[in-house]
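Letters A, B, C and D mark the chains in the order given here, with residues in each chain numbered from 1 onward.
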Amino acid sequence: MQAELISKEGTQEYFVNMGPQHPSTHGVLRLLLTLDGEIIRKVEPHIGYVHRSIEKMAEFDTYKQIVHLTDRLDYLSAHMNNEAVALLVENALQIEVSDRVKVIRTIMNELTRLGSHQLWWGVIGMDMGAITTFLYAFRDRELINDIMEETTGARLTMNYNTPGGLMFDLHHNFQKQVKDYLKFFKTKLPEYDQLLSGNVIFTERTKGVGKLSLADAISYGVTGPSGRASGFSCDVRKTQPYSAYDRVKFNEILMVEGDSFARYQSRVNEMWESISIIEQLIDNIPEGPIMAPMKAVVKLPKGEFYQRVETARGEFGVYVVSDGNKTPYRVKFRSPGFSNLSVLDHISRGHKIADLVAIMSTLDLVIPDIDR
Amino acid sequence: MENEKLRQLISSWEPSVELIDGPQYLEVVVPSAQFRALAEKLRFDNQTQFDYMFNMTCVDWNDHFQTIYHLESTKLNHALVLKAKIADHNQPEVDTICDIWRTAELHEREVFDLFGVKFNQHPDLRRLLLTDEWVGHPLRKDYVDEVNMVLR
Amino acid sequence: MNAIYDFSILTAWIHQWLSGLMEPTAVMITEMVIIGTILILFVAAMGLVLVLAERKVAAFFQLRLGPNRVGPWGILQTLADFLKLLTKELITTKSADKFLYNLAPFIVMITPFLALGVIPFAPGLQIMDLNIGVFFITAVSSMGVLGILIGGWASNNKYSLIGGMRSAAMVVSYELSVTLAIMTMVILTGTLSMSEIVNSQADGWWIIKGHIPALIAFIIYLIASTAETNRGPFDLAEAESELTAGFHTEYGGIKFAFFFLSEFVNMLIVSSIATVIFFGGWMPFHLPFEWATGFNHIMDFIPGIVWGFGKVTFIIFLMMWFRWTFPRLRIDQILNLEWKYLLPMNLINFLLMSLIALTGFYL
Amino acid sequence: MNSIIKYLKGISQGLNTLWSGMKVTGYYFFNARKEIITVQYPDNKDTLKIPERFRGRVIMVHDQNNEHACNGCTMCEMACPNGSIKVITDKVLDPNTGKSVRIIDQHVYYFSMCTLCNLCVQACPSDALAMDGSYENAVFNREELTFVLNLPGSKIRDNVKD
């Protein structure tokens, strides 16, 4: 064992346990690092510390009940996860929801995405040592949470979507508040650039770090902003538009560099796109029922269904095998974080410990999403 | 490529497959023995080029297992569901594909952990989510845990 | 000038009073004890004040209120924290090198005491006016890293070890820049004595009358000394997001407090050195022009101790501003910054300054 | 020479980006008085505004006569994903009609298992349940999280249909 660890240069490799409790793993992720000095030779993720067997639990729940479990996967994209289940049931039963529902869902999605990216921005700053960004990001995100709270009744685990429509109608303040918020946030977003994107220390630390090629991104299934930073056109909103994404104009942010800075930049640019999507929709929310007529007990036809949506971290998929009962036979949640984590070892080899923190931050891992 | 063409192509490659038109995707069920060869063809053949595996899981059908692979081609924009039918319910085994689609490495470990399906030639087949000393495979239909599971 | 605020009158009076009471040897011992007590109290008080200041400043940068529960505006917060740390159990980890593990905090703490000895804060407020004060300070201040290295190694923790090694690599490089930046100014002043450097700035601070090289030297000194005190953006040795707490991961209670306090006292020391060398110590702000005599006279009425500590506060604030704005650098980038940017610039600057000093071309 | 210019340019650009970051934090520092966003929680309780839809805890709505609208149909119990609702019903004879009717004895709510998903409130046909805006729900003992939602002595309102 000892002999194996001694490398060609005569240095001895050693192990460091990063996590399960570590400031930069953002949750209970444990990385077993094999280090040569400060250089990373191997990263081995050990996960499952917050495994709650959500897939098994879903096998005993009705389709309406499954929705609230998805809140607890990627809690920062709770709304989008909810929508995946709702869309799956609607598509399987061929229920057409009203335009109002579609538009509201889209606006909510983008607000959630904004909030998620803001949190990520604060956290990446903190991981890099600029703790102040964390507080600035929370200032902005808190206001989104307030808007959410007023309409959905919860700040994080919203459970606002339900198969066939929405839980509540919009709060009467919603439109005004969102517009006020966008006006406010547009003045704050350039500060993000001044504090981090333009900062020479930050760019030095992220450029060229953790390069992920396009072929590897596809092979590892790295989706979301992380995948698009490598040029992988994987935005489900574009490739398979759902809800109201087919009626808004927005750009899919694609980069070619594939390094940590590209991943950073793609998220910051995505915030601008989210703002633009909300602005296009907020003034013309059509009237209509918020709930399509549904049977009290939802039973999916026999067969299997797959629904993909674009969450803040990438492609979230729900795979349901139905045997015709009111509970599914098998549910699988394809979580974006799980695939994104699998690439960590590949792209962080040969870098330093500090780079691993940057790579992990730009991959934007949410541990409950990985562990399910 | 159209589903119809895919059907013809795949059945010409591997006559033993069972082709089902699912509600969304074409479903290709192949016996576990022929699975690895077909997967390689689907990935590397110029007509199919399924380079993106966006989901992988497994289903316990009480008498047999099916490992399920959702495949998509980012170049040719077609998708299908590949299923390997593992007839042996007691000692399920199937060839690994984690060298073809790298994302499968963790996914296969997860399936091994939760279903007990053994993936031959997998480089590092260990439990992923559960502790190493866990007994049983929770997502199997015959799994019982009287402490943590309350059946309704 | 400024004689009304001269502390040497006070000290001379105390000395006389003691001499009347006892023998010269006893006087010396008594004075040493008094000075030692004052020094300990001063360091403890400064530590508490600076920790509170850091927390308040950080809070305002981060749109927070900061500590505000213990005492008015939270001014007793750090005292409460200090008492908490005092009452904590002292734990030595099982596999640690016990002797070195317990020694490290003291080494870290002794260094600032030694360095404080030669710094003049106000006229006469200097423990010992060494004629090689600058040399003494540069020699002593590089000893602190020994404590960090020993602590990192003796903890028998890989995170601590990495932190300690990083710190050693950093100090070895940045000590060079600090010393060279100081040397640049020493060439200009022609003396190594701290009080004489201060006195040479009676008609204007070096940062103003020393031309651009002095400014460059100051900037280099500021960057390098921030690195030497292990503060952000150079806080690699503790690098909270990478190494959890770096070299003091395994320390707790009062031993941790020593490490923590020494960071702040070190900050005070490097700011004081910068004040003495670049900003004229306790010297009031003077404009080196004929027409400004009235203005200069008004400035004289502000006590030297206010000037001294005012300037120190300003530099400390600058260092806090850096810390709460910038991301942390990576170890190789830190070394790059030193060897590729600071050192060449420093050498050129040194050359320029020598030329200036040779020609006597300064105000 | 070119490389020297590039070297110096790099330094000045780097310092410039650092300065632009310092401007942002500096602005907030010197305007801290009006920009501070944190609130001092237990002190601001009186002014704290809880949105009316906030989901803090399930309650049963009682009117001023201590009457509720729950007829014990157990729809909420079936809708609950976590089994946090248990409705214990009873049969009594209606003195007016002489028929036996179902009333609730105890509507037990295990708050420790509740995920506040709002499905029970939605499922209730007679709007007997609601979410209230309580937010200080932490207790020291798990048993304290079990509530009986119908108040003691309460009875069903007259006009609630079955």
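Note that in this section a contact is a pair of C-beta atoms (placed from the backbone, for glycine too) under 8 Å apart; a residue touches a chain by one contact, two chains touch by 3 or more.
Keep in mind the model is a prediction, meaning the values are calculated, not measured.
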Per-chain Cα centre nearest the global Cα centre, belonging to chain: A
Pair with more cross-chain C-beta pairs in contact, given A-D and A-C: A-C
Label of the chain whose CA centroid is most distant from the centroid of chain B: C
Whole-Å gap between the CA centroids of chain A and chain B: 25
Centroid spacing, where centroids are CA-atom means, of chain A and chain C in whole angstrom: 45
Centroid spacing, where centroids are CA-atom means, of chain B and chain C in whole angstrom: 64
Touching two or more other chains - residues of chain D: 18, 21, 24-25, 37
Chain B: positions in contact with at least two other chains: 152
Sites on chain A at which at least two other chains make contact: 132, 139, 195-196, 199, 201
Pairs of chains satisfying the touch condition: A-B, A-C, A-D, C-D
Residue ranges of chain D in contact with chain C within the complex: 11, 18, 21-22, 24-26, 28-29, 32, 35-38, 40
Contact footprint of chain A on chain D as seen in their complex: 13-14, 17-18, 20-21, 23-25, 37, 51, 53-55, 79, 81, 115-119, 122, 131
Residues of chain B that touch chain A when the two form their complex: 22-25, 27, 51-55, 57, 59-60, 68, 70, 74, 81, 101-103, 105-107, 110, 114, 128-131, 138-139, 149, 151-152
Complex contacts: residues of chain A adjacent to chain D: 61, 64-65, 67-69, 132, 139, 142, 149-154, 157, 159, 162, 167-168, 171, 191, 194-196, 198-201
Touch list for chain C against partner chain D, complex: 57, 60-65, 68, 321-322, 324-326, 341
